Amino acid sequence: MNKSRYEAGYEKLTEIDGEAGHNVIESLKDVCPDLARYTIEFPFGDIYAREGLDLKSREIATIAALTALGNCQPQLKVHINAALNVGCTVKEVKETVLQMCVYAGFPAALNGMFVVKEVLTERGLL
Amino acid sequence: MNKSRYEAGYEKLTEIDGEAGHNVIESLKDVCPDLARYTIEFPFGDIYAREGLDLKSREIATIAALTALGNCQPQLKVHINAALNVGCTVKEVKETVLQMCVYAGFPAALNGMFVVKEVLTERGLL
Amino acid sequence: MNKSRYEAGYEKLTEIDGEAGHNVIESLKDVCPDLARYTIEFPFGDIYAREGLDLKSREIATIAALTALGNCQPQLKVHINAALNVGCTVKEVKETVLQMCVYAGFPAALNGMFVVKEVLTERGLL
Amino acid sequence: MNKSRYEAGYEKLTEIDGEAGHNVIESLKDVCPDLARYTIEFPFGDIYAREGLDLKSREIATIAALTALGNCQPQLKVHINAALNVGCTVKEVKETVLQMCVYAGFPAALNGMFVVKEVLTERGLL
Amino acid sequence: MNKSRYEAGYEKLTEIDGEAGHNVIESLKDVCPDLARYTIEFPFGDIYAREGLDLKSREIATIAALTALGNCQPQLKVHINAALNVGCTVKEVKETVLQMCVYAGFPAALNGMFVVKEVLTERGLL
Amino acid sequence: MNKSRYEAGYEKLTEIDGEAGHNVIESLKDVCPDLARYTIEFPFGDIYAREGLDLKSREIATIAALTALGNCQPQLKVHINAALNVGCTVKEVKETVLQMCVYAGFPAALNGMFVVKEVLTERGLL
């Protein structure tokens, strides 16, 4: 195990996803701890730690992609929370999801917006 | 035809996509002018004209989605140009595409990066 | 807001989707009323209001697409109801979903057919 | 080999896809003749031969699905021709593709429309 | 109805999917028995009965595809069970799902692994 | 840069993909060398280097996924070659692609088979 990538990734995961991220990692521990480790090392240790694109923009990119793909709503929920954690406004999150009706169709945008609604409700913002 | 949405959209299309956008519209004129009109009115007149998310972030969201979907490379090419037109740095565009290896897999990111390469070559930036 | 597109769309939504459509619109009111408005104006006010393809054929096209995409079952449910509302027979709906095993694989067709089953059960037709 | 399904499928393929369909079958002969045989037996011998949905509606469903999926343009081209062969009007084909901007986004609809343009040009209809 | 394809398929379905497969077939009986019949005849009677690729490899291919597509989790669950039924080790199943993070992204691999977890828990293997 | 992951990945890439893999890496050098490095380190250094699933099965899983996704034909071509390089028979490759008509539809399987045809022709095997 590469300590430094793992440690950098773990800090980044904590900064971005908070408890929700740790829950995902925890839930993988019994079935496939290596997938938990790779999730920390590669996306968080390698990619989110990179310079050249600020964390707010990275989360906007992720929310756009997950809304458009439309088949990974648990991850979309984590990253809507993450976007708000790293400083995106509620309006920026909604606009990103809304814009996906152009690129992935209205059903994808609607289903993404219902995840936004769920997150905002849980955070007492709606 | 709704003049004001069309006119607002046409200006936005010109601002964002420049000649490439007009080429798409032009190429639809004989087969389905209404699709050309809707493309101007709805994505550009309604969505890109909205407040709450700046144009740079909108293009990052679009590039992320189109890279992740992986089946609309002509549009990805238009929007990589658009991102550079509205002020994204080359580095921001590359980072957005690169990040998609996490959410849509390495083939999607690789194919997106080859479109970046094509655009940068055409613009004399590579 | 474009009154006439909105009004035409609202009537079309009522004609096609009935209560289910209104529920979707209602559930967007607090989180993103503009997405509700666009959903009425563009798909229903612009597209479904067009001539050249009758409503039954439009619903068959929509059911086919949503079954094939496979990641928008709430919308598939709305449009299976819509198809029956605008005069498609139960048999035509089933045949459309069944045919998708050819173009999107058996899992997509099976999952679509289970939504048909849910709708028919709710309508007392099974 | 099930003679009757194969024969029924071959006739149906000829009726619907004409030369284009036979070219697909022919091009599989050296690499995987069994895939050619299954393509005749199952989609054409089993599915398109069914009652309950007329051939025009079946082609509208197929065009909608292939446009929405967005990654099978050779098959979309065959079925745009097929739709015209079995009696769909050019307008019905265009409307079906256009409508997909609602369900799969504008890039999918645009790319589908460019295939329509290609087919209409080849048939001398544009 | 082609007795021999149906019978061969039914035996193969029983060998591979056991009770879970029969439940799928049973649940289609009232809404679309022909889809049940085709599911037995074509995937199981025609494809899984073929030589040239052993059943373990066929299930690895299926698990990979369903994890990557990401929108057919009920079928993924059936085929994770099927893989274990025909002799794949738990480790082989996990590795197949894990590998999909490379080709379809981490969300697809994570969601696939949670289905593995569900199956292993039900089988008392976790 | 993690030397050992990179070096292990480079060896694995050479073993599996040969010249085609190196061409991909080479073509990324000017536009995004970090994506080239990650492609070596993560898929090849981390994933393909793992135990628990032999290389032949890993390539079958990859071919299945790429055929089913249907939007990454350059990578499918590389991995059809890779499968043959690591000991899969031509028949096993064809069967894997053929089987995808069940899970992702006939267009995906047909388009995958045409890539098989291209590879076999280039290798003088057809």
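Note that the chains take the letters A, B, C, D, E and F in the order they are written out, and that residue 1 is the start of every chain.
Simple rule for what comes next: contacts are C-beta pairs under 8 Å (C-beta built on N, C-alpha and C of every residue); 3 or more make two chains touch, one makes a residue touch a chain.
The chain list, named the UniProt way, goes like this: A, B, C, D, E, F = 4-carboxymuconolactone decarboxylase.
Fair warning: this is a prediction, and the values are worked out from it, not measured in the lab.
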Report task. Mind listing the chains that sit against chain D and also against chain E? Result -> A, B, C, F
Query raised in the report: Through how few touching steps can chain D be joined to chain F?
Result: 1
Query raised in the report: Where the centre means the average of the CA atoms, what chain is farthest from chain E?
Result: B
**Report entry** Winner on C-beta contact pairs when B-F is weighed against A-D
**Finding:** B-F
Query - Centroid comparison with chain F (C-alpha atoms), farthest chain - result: C
Query raised in the report: When chain A meets its copy chain B, do both sides use mostly the same residue numbers (more than half shared) or mostly different ones?
Result: same
Report task. Indicate the whole-number Å distance between the mean C-alpha point of chain B and the mean C-alpha point of chain C. Result -> 28
Query raised in the report: Which residues belonging to chain C are in contact with no fewer than two other chains?
Result: 34, 38, 42-43, 50, 66, 68-72, 75, 94, 98, 100-108
Query raised in the report: Chain contact graph: line, ring, star, complete or other?
Result: complete
Requested in this report: Enumerate the contact residues on chain F facing chain D in the complex.
Outcome: 69-71, 94, 97-98, 101, 105-111, 113-114, 116-117, 120, 126
Report task. Provide the residue numbers of chain F that touch chain B in the complex, in ascending order. Result -> 24, 27-28, 30-32, 34-35, 38-39, 42-43, 66, 69-72, 74-75
**Report entry** Residues of chain E that touch chain B when the two form their complex
**Finding:** 68, 100-108
Report summary line: Counting only contacts in the complex, chain C reaches chain B at residues 2, 5, 34, 38, 42, 46, 50
Query raised in the report: How about chain D: which of its residues touch chain C in the complex?
Result: 42-43, 47, 50, 52-53, 57-58, 60-69, 72, 75, 89, 91-92, 94-96, 98-104
